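Can you read through this structure? Questions will come right after.
Should a chain be cited, it is by its letter among A, B, C and D, assigned in written order, with residues numbered from 1 in that chain.
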Amino acid sequence: MITPTHYMMLSTALFAIGVIGVITRRNIIVIFMSIELMLNAVNINLIAFSYQLQDGIGQVFAIFVIAVAAAEAAVGLGIILAFYRNKETINIDEMNVMRW
Amino acid sequence: MAQSIAFYVLSTFILGFAVLVVTTRNTVHAVLFLVLNFLAVAALYVLLTAQFLAVIQVLVYAGGIVVLYLFVVMLVNLKRPPEDHMAPQRHNWIGFGLSALVLVELGAIIGYGAVAPAGPVGAQTSDLALNNVERVGMLLYTDYLIPFEVASMLLLVAMVGAIILAKREL
Amino acid sequence: MTTHTGQMFDTEELVINMGPQHPSTHGVLRVVLRLDGEKVVSSDVVIGYLHRGIEKLSENRNWTQIILLTDRMDYVAAATNNVGYCQTVEKLMQIEVPRRARYIRTAICELQRIASHCLWLGTHAMDIGAMTVFLYAFRERELILDLFEEYCGARLTYNSMRIGGLPLDIPVGWDRKVLEFCTIMSEKVDEYEELLTHNRIWLERTRGIGVITAEQAIAIGLSGPPLRGSGVPRDIRKDEPYAAYDEMKFDVPVGTSGDTYDRYLVRLEEFRQSIRIIRQAIQGLPEGPIVGKVPRLIKPPAGETYHAIESPKGEIGYFIVSDGKSTNPYRFRVRPPSFCNLQALPQLIKGHLVADVVALIGSIDVVLGEVDR
Amino acid sequence: MIDTYLIPLVKILFVLNATLIGVTYMVLLERKVIAWVQVRLGPMRVGPYGILQPIADAVKLILKEDITPTRADKWVFTAAPIIVMVPALITFAVIPFGPVVNLFGRQVPLYITDVNVGLLYIVSVASIGVYGIILGGWASNSKFPLLASLRASAQLISYEVAVTMTLVSMIMTAGTLSMVKIVESQYDQHLWFIFVQPVAFVLFFIGGLAETNRAPFDMAEAEQELTGGFHTEYSGMRFALFFLAEYANMIVVSSVATTLFLGGWLAPFPNVGWLSFLGYVPSWMWFLLKTFAFLYVFLWVRATLPRYRYDQLMRLGWKVLIPIAIANVVVTGIVKVLF
């Protein structure tokens, strides 16, 4: 029998993978993707509880999370493109100046 | 029983593809694994009777956001691998340590938490499962109308912002 | 760490090799495009993939054999090449061509113009994506090829002229068939117009694309429909009439804005004018001999001459030097219209999109056999 | 046991096979129809009137050498045609070919499944197909395919917005997302939705042409411009998959249009007395006939119109179709509230 604990474990593990990705990788696109993984981990939790409690609010919040993720991806990737055009790199360790 | 099998299979896919996303060197491959991960998550949503969200996950995440990632990956046509430069002050073990800490912490919360009750009986035929779209839609357009409108404003702002950032000359 | 302070890097330009093996460069034209996204920043036109040395070859052939070589230049308008060459030699030798021969030459030239424009229309429309027009245009071209086959036995490289006149008189009943063809063709031209002229997509694809002003066109040395599309009413048939054109009534269509659409309209109107000329030439065909007084051994006197006629693609001119001693020309040089018109291509496609490049190559109507010779 | 596993399995197999055969014959139909438009005969050599041509084509494509360019990304190159083909096929899961009928003494619905998010399912699955196109172009490691795949993906994403907005107004009209219920709702209202939402129908048709990369929006595979498009480097069976997926997508779009606008499996004029004999034609037959009519229009358009330019296509999508689609949603909403 699958209990909400199972879903929480899954979501925790997914979140941890996302954290590792964000911290260890230097390719900023991969870092962004790791953030998406973390957002998905959150969504899994929300939906699992929505199912458990038979309440649609969890799903509503998940939709908001997706909307925020879309906004984040659009702006973030725009910044990456603008940055790449100027510096020809997407290595986050080289993004160490506030202006150029 | 079938639900358990489905859950474990999907979990394996989700975690396995997530690990591949984080570890693959080739960014395009990483994006592909991300898509597969999202599709598996969508299947998990179906398992949780959130059909509408599963469809939105595929439509918005897999079909929209990740395509954007793929575009950017293809546009930043890199001449040298992005990983070859590493700041001297950078220590990867801190990252692993931190995430291990997060994992332990969350595990502890789950472990010490009250023993969770089993899933609701007959969830597959409940109202939320059968009229998923209506229920979620009702909530979105009544109780959460203002957050919904704020989210739409956020998307509009993000759209304008992305265009201004990415366009070379306006 | 490398810092590029104050320096803006642009996204890399994409260099694309269009051709020599590309479905819409009309043969073996190679265009090297430097693209910014899909926009053409600059381009190089590379030619010479079909060079056969026809001009040099001609210096080692006798005067009659060269007619056959001229077939191979603009192979979609071989008869026009023949006429141009024969008239140049006639001018050098001052041979009077009988009136009947001149009338038949006129009719053949105009038939050839329709055939060439049919091929142009088909491929040009095909480049822009309207593939049905291609087959319709080829259907009518087929009728012309049948007429040519009946007249001289060949369907592509006719070798249909001789110095001083024609090799053969027209077959019995040929004139009637040509008139029948004229009736069919004038209906079909309306059909093409129905498919394209007012088609929204066609208008959007051709209007304002590759605009070239009259001054620019003259400066580049354009001739034929591309020049007339820019509004310059230059047509050798009118300005320096040859064959029987001085006895024909026809108009020279000109465009106004010099874009792809105008060049298209000019050529479509030329279809109708050609039909008009053919009707006049066939209906008013005089009786008489078909060959003038030509010596057995063709050996023009020493001297040089340039003579140009209006081929479907523009001004095709022959410059021939004879030393008066040998039975082959001392120097043979062709001014091919495709080659001169092709010079406009880099200027035309600059700033346009890749899709327009194929439309513009089509709109100036080049034949690579003539460009490279 | 039979109802839960065997019958769905048989239906899946049947639909899958019928689709694949339909797709191959779609190719023949296209060649024939375009040939007739162009006063030609089309394929005539293989079998009487060329009806065995698809089989000959399939044999040829299977036997051809499967070339992978040297510097291509092998995995992605192999995966791309599959990614294009699979979404095109699994969309048929929710398309209703007919109502529940009595077959060998059993109540069998003539659709594989009826999910409560059917229409959104189709849209979302279709949005996966774009990956195959992007990746196919990218993995070939060649310039023309890359250019074509960038074109194609931008086109698909833009028109997806327009089509989805159109479908929103249809959802509002029908009041449901389930494909079966949409047809039933047309039965209840005694009106095909094409008469309720003519604007949406036109938008959907134009969007469908663009979504399936058909003329006049076929710049992704514009042979005259890009020497074949994103599948230039593909050969043999992999190319065939791309090719078949395009036709499968056409059938999907036609089926969805039939379901949404043309009353799905319903017979026309059920109220006209002397036309009641139309009701004797089986329901799936009506569905197929309507789908076929829609497909024919696809081919007809291809044979008639020139090709749009890429920027014009984007302008049409963003500045014409999407605003009209949104306005249509608003108008539908207002009408719904008022009446």
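Going forward, a residue touches a chain if its C-beta (ideal position, glycine included) is under 8 Å from a C-beta of that chain, and two chains touch if they have at least 3 such contacts.
None of these values were measured; they are calculated from a predicted model.
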Centre-most chain [mean C-alpha coordinates]: D
The pair out of A-B and C-D sharing more C-beta contacts is A-B
Centroid of chain A to centroid of chain B, CA atoms only: how many Å? 6
Per the C-alpha centroid definition, the whole-Å distance linking chain B and chain C comes out as 62
Which whole number of Å gives the spacing of the CA centres of chain C and chain D? 44
Distance between chain B and chain D based on Cα centroids, please, to the nearest Å. 29
Hunt down the residues of chain B that sit against at least two other chains at once, touch-wise. 52, 56, 64, 71, 75, 85, 132, 168
Going through chain C residue by residue, note those that touch at least 2 other chains and give them in order. 1, 10-11
Each of the following residues of chain D touches two or more other chains, namely none
Of all residues in chain D, those that touch chain B in their complex: 73, 75-76, 79, 115-117, 120-121, 123-125, 127-128, 130-131, 134-135, 138, 146, 150, 153, 157, 160, 164, 177
Which positions of chain B touch chain D when the two form their complex? 26, 28-29, 32, 35, 39, 51-52, 54-56, 58-59, 62-64, 67, 70-71, 74, 130-133
Using the touch rule from the top, collect the residues of chain A that touch chain B in their complex. 1-10, 12-30, 32-34, 36-37, 40, 43-44, 47-48, 50-52, 54-57, 59-60, 62-64, 66-75, 77-82, 84-85, 88-91, 93-94, 96
Touching chain C in the complex, chain D uses residues 34, 37-40, 143-144, 147, 151, 215-216, 218-219, 222-227, 303-312
So, in the complex, the side of chain B touching chain A is made of residues 3-4, 7, 11, 14-15, 18-19, 21-22, 27, 30-31, 34, 37-38, 41, 44-45, 48-50, 52-53, 56-57, 60-61, 64-65, 68-69, 71-73, 75-76, 78-79, 82-87, 90, 92, 94-96, 98-100, 102-103, 106-107, 110, 116-120, 123, 126-128, 132, 135-136, 138-140, 144, 147-148, 151-152, 154-155, 157-159, 161-166, 168
